[in-house]
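Look at the two complexes coming up: subunit A is in both, with subunit B in one and subunit C in the other.
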Partner chain A sequence: MTFKLAASPHSHQRRTTQQVMRWVYVALIPGLLTLMYFFGWGVLWQLALAVSTAFVVEALSMRLRGRTIQSAWQDHTALVTAILLAISIPSLAPWWLIVIGTAFAIGVVKHVYGGVGQNIFNPAMAGYVVLLISFPVQMTSWPLPTQISQFELSFMDAASVIFTGFTPAGYDLEQLRMGADGLTMATPLDSLRTALNHQLTIGEALQQPIFGTLAGLGWQWVNLAFLLGGVVLIKQRIISWHIPTGMLLGLAVPAALAWLFAPDQSVSPLMHLLSGATMLGAFFIATDPVTAATSNRGRLYFGLLVGFLVFVIRTWGGYPDAVAFAVLLANMTVPIIDKYTQPVAYGHGGRS
Partner chain B sequence: MSTAANSKAIEAGQIWDFPGGIHPPQRKELSNQTPIAKLPLANTYVVPVKQHAGAPAELCVSVGEQVLRGQPLTRAGVSLGLPVHAPTSGTVTSIGPGRIAHPSGMTDVVVRIEADGNDTPAPPQPLPDYRQAARADVLERLRNAGIAGLGGAGFPTAQKLALQRPIDYLIINGIECEPYISADDRLMREHAATILDGAAILMHLADAKKALIAIEDNKPEAIAAMKAELTDYPNMSLRIVPTKYPSGGEKQLIQLLTGRQVPSKGLPIDIGLLMQNVGTAYAVSRAIRQGEPLIERVVTVTGEAVEKPGNYWVRLGTPVGEVLHYTGFQQSDPAQRIIMGGPMMGFTLPDTDVPVVKITNCLLLPSVQELAPAQHEMNCIRCGACADVCPAQLLPQQLQWLAKAKDYDGLEGQNLFDCIECGACAYVCPSEIPLVHYYRKAKAEIRTLAREKAKAEVARERFEARQVRLEREKEERLERHRKAAEARKKAQAEQVKAGGDNPQDAVQAAIARAKARKAAQQKAAAEQPSSHEDNNE
Partner chain C sequence: MSYRDITWQGLWENNPALVQLLGLCPLLAVTATVTNALGLGLATLLVLIGSNITVSLVRDFVPKEIRIPVFVMVIATYVTVIQLLMNAYVYGLYQSLGIFIPLIVTNCAIIGRAEAFASKNPWQRAAFDGLMMGLGFTLVLLVLGAIREVIGNGTLFDGANLLLGDWAAALRIELFSVDYPLLLAILPPGAFIAMGFIIALKNIIDQRRAERASKPVKEVTRARVTSQ
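And then the complex of A and B:
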């Protein structure tokens, strides 16, 4: 009679990586739906493009490294990367943009560094930044929220714009982005920056139709939806509160100070929190465990740093949104953060 | 916190917390419902000669010999040795290698005893009034009774007590934090008085003024039983700690009860503490008061694959198969595991010939649905769940990377050796990485390397010493020759001075003589033709 041998522990908590990832997808749903509500079917097309590219690149990379696709695909990191990138880029951007971005994120950032768990930079954000630097025009051409847009794009219309650059009716993206006054409209953050550069006060800038009650029209709801998903993740203990809290504080505190001292020239903290990729970044991007700091204390510092960098770049930098740059810069500091925040092991003089 | 404030807080009954920890399903009700039962006598017993941490003792029985219950089979020779005793009366049928209870499934020397069924005891030698006896004598008795820590690694109890250093508290560990196990729980419910008596003996021997009895709050009956008996012992106090795994770990319990931390690579005694398990305290009392050596212990037999789960008094040396037979286990699934110990830290047995030994607190036979076997290992996603639960405040994910990369310096830098192998990290890891397995392997490799290095060091030193010796000998030889030559020269010079023949002339004369002789021989040879040449023609 023989019996099965196994290493201890013999008991295991029933939560696998797949389950963890399933929760991440679930938590993304509110944000995704809101995004689609405001920015149309293009979001879905970008998603589809990103996921299929991710699969192909992952398969090729694994083939080159002599492993099977299953072993890489099942930890879901490629899928999450693809989804985050697809959400981050303008919904009607040409198809090749997301394909290049995803291929770069997975093929280079993830696999060249040795696969999951080894990469230094957040793949989705590295892909985003490469696109932003290489194709600044396409990367900043967000369509107008459907509510103030003059055009209603169907599912196939969106596909047509993404793949050919024109709607079946012959409009191109520039035309689609025109407001009722015939001017191309930028994103709320962009508009604010431009307005401030033109010596307008914030109060005047906020008169533009692209702003809603809280922050940018559409964007405020998108951010609230991602916040909701993020809270679910924390409640489910999929992510710890340290990074999101750190990031939101790191952004809100300096923003509040600036706003107190120069209310006319500064963007309000609420506007900061509910604009651009703030919430997506705080709960879904900066929390990427592979590229964040390791200990909980380290994660808090990491989050604070990301938030502060977002504030700095949004305020003085040359790019419309800052989350991607902030995350990548913070990624670089992780080894140092880890070094100085390693918890004191039991019996090494720590206090109880 | 200052020392004085710390002592005050301990006295006030403060319970500290330790970082991390997990709450796995307890499943204790499976085995703790019925009183401890006696396992019937087996026909054969297999007693490994080494059942504790330390060196094996020397055999003192031979094949064919009749032994009585409790008769020593080995003699405690060296300092760390601890004797083992015959679990029942009978005949020694063989002494040789046999599989023992060890994670690696290794073999060691075992004594096989065929029971005669009478269970005749060797005459016990009780010492009811231990306070009158010399401390060394009492310690010697504990050692001769084979008492080792019954909670964990099986460290000889007398050895631990012999370290004479000031002790603030004796801690009696009745935590039993591993799921499923209820042996200590039942022992406390049924034998509280004996346990506390043992604790008093331990206090006397360790010269500890106070004791803390620690029990987890999931054992209300045991707490009640102990509380009732504690009225007789004013210098012992009860501490109830919240249920959390691994609060019964020595270091964690110390942190819980005193807020102190055992220094890395140090011992509890370094911070004035001594810990013993409730089972050990019970065995100590029996050994001193009744003169009974350690020949049986309580074993929890549990899991959904056994028919009669519960706690049993099992003689040490009883083959696991015997225990399972009695408790109604049938193997139905090829993936069945037999775990000696609990689900968190126990190890699987390859077969049922392995005997129950001093450290066997549990035999766990989970059905496959109950504790699912490990799934496919996936990549670490650095989620940090492991670091959150690590009671030693390590970074298990970093250790895992380093262990896989065989970066031994990195591992020591990350304090691998402070890992208590509690398994909390592997329990929560969503990628199902067998983290503890990697740590154990890395630890073993580092130890092997250190041993090899030490060996190489010794060899190198020996080689160098030999080189030095050879060098020295050569120099001495040269020096001798030089001195001898000098002495010769001096002697010659003196001889010449004294007017004798120059020895140099004598040499010349001898050479001349030899030359003359050779010339004469050659001349003779030339005149007489060689006989050889004739023969050849």
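And then the complex of A and C:
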């Protein structure tokens, strides 16, 4: 009789990548619905464009690498990248924006490095940064939340803006972004930065209608919805709590300090937490299992670093939001974090 | 080393930009357009030929211990000459290349050739080596410049008249017109990415060549000597 020798771990969780990714879709649903409620049908068109581009590019890359197309498509990672990118870009951006971004994210950032599990950088965020650097105007032209916008766009109107740049009635994106007072309005974070640059205090800046009760009309609810989805992911043990907690702390603690010492010149921690891409970043982007740190302690440090970088870039950087840059910069530090936080194996080293 | 070998080494096998990865700073900084790439490539080529010949001629009189300062002085002299010539004859290009003309002095490809080849070979071969290495460098600059200009701007040879005179304005080709240039391709990150792809392409070609060169080994059929 032979005894089968098996190395640890002895108990597995039988969950395939496909199932993990399916939970990610489910968790994204509340955020997506909220985003659509506030920013209209454009979100859905961006999603459709991103997913179809991802499908084509993934198939082409697999072809070039001599693999079968099905094997790549089955694990759904390309789909998640496409969805994250589609959520991050302005909902009425021209169609070629999302196509270029997704093609770069899948084709270059993911497959050039060797496909699933081999990429150093988060594909969705690298695609986002490429777009932000190349087309800063289009990438910061978020439409107004439907509640304070003068225009109501139907499903086909949104398509018309995305594909031709004009609504059937002949309005372009710039006109659609005007508030009732005829001024174009930026996102809450963008407006705050401009106001601070014009020597206004935070109190004065917050008078603009773009800021709702908590942290910016629309954005606060989008962020809360992503938070809800993120909690579901943690409950389902798809992601561990270390990275999101680290990132939120890394952002909130410096923000709170700055706010306590200079309340007129710095953005409140609540505003930091509930505006821009904070929650999406903390729960869905920074937690990418491939490009984040591996051990739990490492993940905590990784999260703290991302959060701190978000604070630094939002406060002193050149761009209004910072999650994409912070995640990419932290991705670079992952090998060194992993090296110094490697847990000691049972029976080896340690204090005796 | 035969002239044929020198050609092959300079243009492909030991290409300063693709294999030795020398002189990356100007390579990445000025290749936003084909014209800039050609201008800097030619300047580097001329400096390389001049410095190689001079270094080769004085190689027997320079003490080993101080050879590097001497080589640098020789290179700096040629760079100054080229810089003044460009200032006089192609002023527009001189302005658009800016600091990168004097920085040719620090291009490691040049001091590298002076040390590795010119200081050990007769002047004819050194001159030929400078020509081939310079050509190899220029070709990579041109390819990189063309890729970045096409992707970023949709044009080729934009501003060629700055380098070649007024007739060259006709060289400008507009492949497609873009409302919003893809800034990434024109900015330094685009240069790094494009350079990565060019090096990868060269490696693929080398791999294919190696596969074709290695002849299939003849299968030896083994005779069965035991029966079990």
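Rule of thumb we're sticking to: the second predicted complex is superposed on the first by the 336 of 352 C-alpha atoms of A that agree within 3 Å, B and C clash if a C-alpha of one lies under 4 Å from a C-alpha of the other, contacts with A are read in each partner's own complex, and residues count from 1 in each chain.
Here is the rule we use: contacts are C-beta pairs under 8 Å (C-beta built on N, C-alpha and C of every residue); 3 or more make two chains touch, one makes a residue touch a chain.
This is a predicted model, so every value here is computed, not measured.
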Query raised in the report: In the superposed arrangement, does A:138 touch subunit B (first), subunit C (second), both or neither?
Result: second
First (subunit B), second (subunit C), both or neither: which does A:347 touch? first
Kindly classify A:108 by the partners it touches after superposition: subunit B alone (first), subunit C alone (second), both, or neither?
-> second
Message = After the superposition on A, what does A:5 contact: first (subunit B), second (subunit C), both or neither?
response = first
- Considering only touches as defined above, state whether A:130 meets subunit B (first), subunit C (second), both or neither. second
In their shared complex, subunit A is touched by residues of subunit C numbered 180-185, 187, 189, 193, 196
In the complex, the residues of subunit A that touch subunit B are 1-17, 19-20, 71, 74-75, 77, 115-117, 240, 289-290, 292, 294-296, 299, 342-352
Subunit B residues touching subunit A in their complex are 1, 16-19, 22, 24-25, 105, 179, 251, 255, 259-266, 331, 334-339, 341, 343-352, 364, 366, 371-375, 378-384, 387-388, 391-395, 397-398, 401, 414-415, 418, 421, 423, 426-428, 430-432, 434, 436-437, 440
In the complex, subunit A touches subunit C at residues 100, 108, 112, 130, 133-138
